[in-house]
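Both of the next two complexes hold chain A, though its partner changes from chain B to chain C.
After this line comes the complex of A and B, so read on.
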């Protein structure tokens, strides 16, 4: 297997707040290969977005990386200078943010905003930029791009704005695309169209794609591999088929049981008792132990690691299913 | 079953500011003398000729994409907005005649309650959970501290599974699931007959969604309420509702029992909606995708199907003739020219 494009190893991130140190990520590892869509799934507060922001080098200054490494196509992101990262972002690695309406500048036309990315990374004059922007709009299937290029974000629907965000992210043909909940707040019909587009483009361009979502059903549809996160830990990491066929971590199994998926009745779905633990102060080695019904003495022994239990199936649990 | 709520030909048009001839002073002056002077302003047809009914103890699902008029319909039904025309009959009384601003004084106000969309946003940040739940009891039932307000709030909190210790907390001190419980307790405090739930779980994590859904089912059984369940999460609607209405651009395009809508949808839009529900890998099904955006809701052509242009089966006739309401069974209606043909095709296959 070729080397992964993005490799996160033993990454720990903490936030120093007035009320204590929040250990948002602890020893998380994952790989994203070219042409692969990796879904990162978990409840809100599980550290999905923090991982993505750290990988892009745009973590909030309040966050501190305490250990680990992030390798992006040979570049060590954590030690790279800001200048190098500015060259990398947009060109090698791009990100699609949640809620396109707030991520776009409301008082500039969408054409200008996409053009910004091109002008920053490519030596181009006004005419070629405009042509490239129109091309970018065509790739994300916006009808009538010649006219839409001069539109403002408020003149477009939510789905169109999200397409603009995608066009912006993909305009310089990045090798890595990180999509942070790209369809929250969109309709199911629009969601399906946007997700189809992301999948088609990432296969077409052989991009490495990281899809952050809380919707396990959607991840099942679009991802090749799924990383399940809980309270700043990666608890399970497996190919989509393996994961759905036989989830090994109790949290993954419970998450599947809690997701409504069409058939079956309300009795078939079960919620997960309790909430995420407070990430300040002392935490047990397995952060799920407080909510887990398979908890035993052995779970309290320190140094729980993410191990490969079968080929390509990683698990961090002492009492797996 | 007795009908609790009957809606007939309900319409809501919003004028587009400053457009069209009758926005002028002369026209509005003329209209002040004669009601029959037509309003020629450009109109946004948010809800256009919607009719349906809810029986006692029934839960009805309302689905459709954003901008299709769900929220406007909910605002009119809960009497927070006035309607342009049409009738809303609630337990035998026409409540559409009451202006929205004075509806709070009507007895129906406490019988028709609503659980608003986002529990994080819809709670008053300066009210404790106790204050929020107590407010409708004070306003609508005239309960005071003396006449057992605290006991009633305590009982409600228990009913929705909110620990009594949390009643003194402000919204920012509560989790999403707890806020949802406060919201529900507030709505059921005045023992409504009809509870309108506007996307009650869309802002919640999937881990707590199931508890809230189960709570809603339990409350419905215990209190004998009817539900109007508005959502775009079809997987959730399927779990909770007896009957489903599908809206598209202000009109009802399909209506029927839940299982039929999901297993045997007739309207092409409902089919696309079904195909777009995530989790398709868990179910088998071919992908049917809609292209483009819906038509403009401003003065739509009355003699054409509003889905035309996006519809995968649309033909010429759809742009010339408004689709008829075809009844596949007594309860299953779809508004489309091609429903019968499709149904027979499905049979042939």
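After this line comes the complex of A and C, so read on.
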């Protein structure tokens, strides 16, 4: 197998806040290969976005990487200078966000915003930029791009804005695309259209794609591999098939039971008891132990690691299913 | 919207201002007459008897009923006649065209100074919160609002004129050895430049600097505070994260993306500060013997000089209307979501 484009190894991130140190990520590892869509799934606050922002080098200044490494196509992200990272972002690795309306500059035309990215990363003059922007808009199937190029974000629908975001992110043909809940805030039909677009473009361009979502069903539909995160830990990482066939981690299993699917009624959906543990202060080795009904004495022994339990299936649990 | 639409909207806005100006005319007329004190008694002097007071009252037209006086006032107003100031003996219109530019020149320069200090300071403080720049911003803002204008003014005169001797004496718009430039705009600096007289320009500017800085120190506080707050807010918004995730240069993110978005609240503050300045720079005018409109109005008010007070209030009202219009137009230039018809 070729080397992964993005490899995160044993990454730990802390946030120093007034009320104490929040251990947002602890020893997380994951890989994303070219042509592969990897879903990162978990509840809000499980560390999905923090992992992505750290990989892009745009973590909030309050966040500190305490250990680990991130390799992006040969570049050591954590030791690279800000200048190098600036040139990498948007050209080699791009990111799209949730609520596209607020994620675009409200007082700049969408054409100019895409043009800013193109001009930053590619030598282009005024005329070629306009053509390149129109091309980018065509790529994301925006109707009438010659007219839309001069529109402001507030003149467009949410779905249109997300297409603009994607056009902007992909305008310089990056190798890695991180999509952070790209369909949150869009209606269901638009969600499907946007996800289809992301999948098609990833496959077409052989991009490495990281899809962050809390929607396991969506991840199942679009991803080749799924990484399940809980409270700053990666608890399970397997190909989508393996994971759905035989989830090994109790949390993954519970997540699946909590996800609505075709057959069955609303009553079949179970909620997961409890909430994420407070990430400040002392935490048990397995951060799910407080919510887990398989918890036993052995779960409290330290040094829980993410191990390969079968071919390509990684698990961090002492009492697996 | 195209230029023609914009022009129509501007005209519409000017028309909308007419009712408020009519209201202001009525209110100032009534208010000046409701003021305590009888101008006839004042101008007749302490030795006057009942008869001479009555004569003065008749000559000022004050013996007539209020509706009659109001009718005379508005018919005069319609022909551009603002009446004669009884305290200076000059037509009010002439006083205003001489004094208003003096105040405006001072105000504009003060505003320019405070913008030049407040904007970079606020931006720097917002981009580096809790560093020495932020602390400096905090100190300047606190000092700016807490130092009274007359104190800063007197201190500046003491330091730069009396001790260091680098500033000219604080005696009005131009040192007496210079002739005032030919009146075109009545802004001495501009007139001197139009005349090509750089020596007079320098002298006029030298007179302006101390009062402008005095006034500017006071007004830069709200501007710096608003710049910092607006920048902090914009910098934490989602689209700034997008811009950074796209690898845009720090300067692009800061100025093209963040600052332009922060401009709206700054502009609002600027409008407020400007109108506040025009009305309240009377203390600076007093300290620097500046023949501005503020000191004129105060003197007129003390002696119930009706024509002068009415002229002053009317001039201010029109100025505010124009100011608000300018700011509204500026909004539409910055933010495409703002319509002029709002």
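As a convention for this text, the second predicted complex is superposed on the first by the 321 of 321 C-alpha atoms of A that agree within 3 Å, B and C clash if a C-alpha of one lies under 4 Å from a C-alpha of the other, contacts with A are read in each partner's own complex, and residues count from 1 in each chain.
As a working rule, a contact is a pair of C-beta atoms (placed from the backbone, for glycine too) under 8 Å apart; a residue touches a chain by one contact, two chains touch by 3 or more.
What you are looking at is a predicted structure, and each value in this text was computed from that prediction instead of being measured.
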| item | value |
| --- | --- |
| When chain B and chain C are modelled together on chain A, clash or fit | fit |
| Touching partner for A:270 - first (chain B), second (chain C), both, neither | first |
| First, second, both or neither for A:165, with chain B first and chain C second | second |
| First, second, both or neither for A:217, with chain B first and chain C second | first |
| Superposition-derived angle with apex at the Cα centre of chain A and sides reaching chain B and chain C, degrees in steps of 10 | 70 |
| First, second, both or neither for A:43, with chain B first and chain C second | first |
| Comparing the two partners chain B and chain C, which touches a greater set of residues in chain A | B |
| Minimum Cα separation, chain C to chain B, after superposition on A (Å) | 10 |
| Chain A positions touched by chain B in one structure and by chain C in the second | none |
| Residues on chain B engaged by chain A in the complex (per definition of touch) | 65-67, 175, 205-211, 213-214, 217, 232-236, 238-240, 262, 272-273, 275-283, 287, 289-293 |
| Chain A residues touching chain C - in the complex, by the definition given at the top | 56, 58, 85-91, 94-95, 97, 99, 102-108, 116-117, 120-121, 152, 154, 165, 168-169 |
| Residue numbers on chain C that touch chain A, as the complex places them | 237-239, 241-250, 252, 256-257, 260-261, 334-337 |
| Of all residues in chain A, those that touch chain B in their complex | 43-44, 143, 157-160, 187-193, 196, 214-218, 220-221, 240, 244, 254-255, 258-263, 265-266, 269-272, 275 |
